[in-house]
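Across the two complexes that follow, subunit A remains constant while its partner is subunit B and subsequently subunit C.
And now, the complex of A and B:
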């Protein structure tokens, strides 16, 4: 049982890291805490479902289109709404949360409620690791999660745009006078962050069903990981994902699965009391943003 | 190359720059000398376009109202309301006061980020050029920039400005907070840059003593207004300048 818990705890940690990656990237670069993140996560899943089920488009193509549309939506949200309130943390949070609520409740209004909204797994079947059986989709989540973290690292350290992201995240005015258009970069960061939410949804949600409530829990998990790890710190979110991921899995195994979400809430409360800036975050950022 | 005509800058109702006009010819080194709060940084921010970004951001959040009147002309083109990143594309580089570097990146990454506007194939050559100008940075290339000394950070900041291959280099108080020994080294480096590369340079400073001997032309400003102009030699010989800045 312990071996199984350790393996599933690791998978759960990767799931949390996948969910938080996009939120963290956007915050780290543009300084915008995108509270529409959970809605974008679900938007991507519903879009893929509609393309696959209604338009009968090939699953892989549906995924690509859904992720691209989610990126575009994120970019547009920034360009036409969040840009106007950038630099005003409270307004950013209210505006983005309002947009998120609108998207999620619009799906409810359209009737996207029920258990028929499911996405197929990429590869069916399971393998055994020792005495523990694990389905291939979960292994794929681990592979995709590790691949995404590696790609993001390479992107931010070795590409011109990625380096511009890093510059802007540290000193926006210096970046500006070096020819980097900060509004354009912030729009990119929202688009890429939203695309990452889409990738996370399409990779994770085949394990269950697509539901509006999933948007709220994705946002809560992303917030928990980012607050515990330290907003804007990629290393921090990886450590926080492991801590919360294992805490959730052990809680589900030994106490009850309905307590899993409580773990995220407790993690937020505990870290805010002990170290408000998060494990690897900066006090100033937290004071300004939360 | 650069002309400022009747520039007025207000922060709300406070006048920071008052009807200031100046000219910078190609290849010249021009000094803007003034005490604290004279308006030097506002002038440099206006020349580089940073003030336009500040104005837009303040307007977005309903903050301080910044008003800019007059004209800034660069290479015959009116650029008064152009964003700073567009001015950088035209070859204007500002090195802001207090060592504007990316503190969490190492020296090499700072230079790579600063090379955003140049072609990837030119990046290495340009970085090597900066290291040849500032050999002290070579051994520090993998050190986080935030851990460098003030002088090293200033060298890096100037190196970053040079990465965009500027035709006009704006240096805002490059000697601020540096020890006299480091100031001498940095002044030599600035002279060297101007001499070797022929980059037109505008340098603002409150320390007139190291700056006046190396400039072709100088403007003394106080309370946002021009009070005196002349060549470096003329200003050094002016009794008012000597009394105000040299204490003699």
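And now, the complex of A and C:
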């Protein structure tokens, strides 16, 4: 059972990292805590489901269109709503949370409730690792998670836009002096962050079901990982994902499944008490020292 | 001065009483208003409303409800109370129910709260406004205990659907059969952390212990959970032969897929709401063969051995161009409208006290079996549809058919277990 717990704990960690990547990227670059993130996650999954089920479009093409549409929606949200409240963190949170609620509850209004909203797994079947059986989709999640982190690293270190992102993340005013259009970059960061939410949804949700409540729990998980790891720190979210992922799996296995869901909440509370900036966060470090 | 005070008192008393009095009297042609406040966003709630509307349409097509020689059509007023959605507090559901009582001036309620927690809190409200309710989703037997304890106050609350107590009886019957057929004696329990599911699982756990079964573990999941892998691994590691499941959330459907991926060599039996309808076979990629799933009320599944259930199921499918997906709710919701209609005609009034007395006398052959109420205003459930209402257990075949395997009076096929469950080593 320990072997199984270790394997499933690792998969759970990658799932958390995948969910948090987009939220973290957006915050790290634009400083916007996108509380519509969970809604964009579910938007992507429902869009893929609609394209696949209603329009009978090939699954791969449906996925690509869904991710692109999610990305576009994220960019538009920034361009037409969040840009107007940029620099006012509370207004940004309220606006993005309001948008998220509207998207999710609009799906509920349209009747997207029930068990028929499932996405097919990429490859069906399971394999055994030692004595533990694991479905291939979970292995693919691990592969996609690792690939995505690597691609993001390469993108932010070796492309012009990526370097501009990092410039923005380090010091926005200096980046402006160097000719980096901060509004344009922030729009891109929202779009890419939303696209990452879409990729996470399309990869993870075939394991479960597309449900409106999934949007709220995705946001909660993304927040937990980012707060524990430190907002804006990619290394931090990887470490936090592993910590929370394993804590959840061990709790479910050895204490009780019932307690699994509160692990991330406890993690948030503990980190806020001990180190409010998160394990690798820089946002409030100076204030903390004082 | 005293006279003035007395007059004010009389006027106030009149103003308070008038709404109830006017609500209890109908002019010829006035509609009988039936409220359906429930979690309409759920499959159970949505389909129950459709079933209620279907019954109302049928009754209206025949002229409606006859009271004192005059015909009254039935009008349905639905309200979304979202009490089954994660995180929605009970007071929000109560507000929704109070609103439909006061704004729509309903004469009776059917379906009612989705969550038992909301039902318990609603009972006082129904008593306060004297509105009879025939609940068809919330299942806790605690409401019956409350009625038996204070029958005068809570006499307005009835239930036509299955309750947890009868559900546990269905499950113990099935488990006894599985023990007899395959020698199974080790079970792992998995349930949603909500009142009815906790109650059902606790009752079954007690039965297992009393009958010498080995319980390998018990996992409870909050509403909304969708990762069951840890519990499944535990069940596998401890050699469970039966995986008992008790869930009513949409996310629970994925449990069967995860169980197959992890290859737990145990027979899955219980209730997973998304597995109840015939569309589940396609939704879950044809991977649910062998699963034993309860249908809480006959009629939500057709039975060749009980024509009224078959007729209802087919009529619903014809009217709405889709089969019933939920295993709980629609059939008793449909039945409840007929129970109300007949009770109103027996009482010859919609006056609440007379109406509840007439509901108590109900004895009809309905789509769920025979409908009679016990002392706790609960429809009596058993195993013979000619004598009681019936809940059934069906099993998915490898060809995607639902076959009733319990009770014996309705059995269509003998229960079977996949080879990888019977011989886990292979």
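Keep this in mind: the second predicted complex is superposed on the first by the 283 of 290 C-alpha atoms of A that agree within 3 Å, B and C clash if a C-alpha of one lies under 4 Å from a C-alpha of the other, contacts with A are read in each partner's own complex, and residues count from 1 in each chain.
Convention: a residue touches a chain if its C-beta (ideal position, glycine included) is under 8 Å from a C-beta of that chain, and two chains touch if they have at least 3 such contacts.
Here the structure is a predicted model, which is why all the values come from computation and not from measurement.
Participant: When both complexes are superposed, which of subunit B and subunit C contacts more residues belonging to subunit A?
Facilitator: C
Participant: For A:214, is the partner it touches subunit B (first), subunit C (second), both, or none of the two (neither)?
Facilitator: In the superposition, A:214 contacts subunit C only.
Participant: Classify the contacts of A:170 with the two partner chains as first (subunit B alone), second (subunit C alone), both, or neither.
Facilitator: first
Participant: Across the two complexes, find the residues of subunit A that touch subunit B and also touch subunit C.
Facilitator: Shared contact residues on subunit A: none.
Participant: If we count contacts the way the header does, which residues on subunit A are in touch with subunit B in the complex?
Facilitator: Interface residues on the subunit A side: 83-88, 157, 160, 163-164, 166-167, 170-171, 173-182.
Participant: Note which residues of subunit B are touching subunit A in the complex, please.
Facilitator: It is residues 48-50, 53, 57, 60-61, 83-85, 88-89, 93-94, 96, 100-105, 109, 112-114, 116-117, 120, 160-161, 163-164 of subunit B that touch subunit A.
Participant: For the complex, give me every residue of subunit A touching subunit C.
Facilitator: 1, 4-5, 8, 12, 108, 111, 113-118, 120, 124, 126, 132-135, 207-209, 211, 213-214, 216-217, 249, 252-253, 256-258, 260-261
Participant: Help me check something: in the complex, which residues belonging to subunit C touch subunit A?
Facilitator: Per the stated touch rule, the residues are 41-43, 46, 85-87, 190, 193, 219-222, 224-231, 233-234, 237, 250-251, 253-254, 257-258, 260-263, 273-274, 279-280, 283-285, 325.
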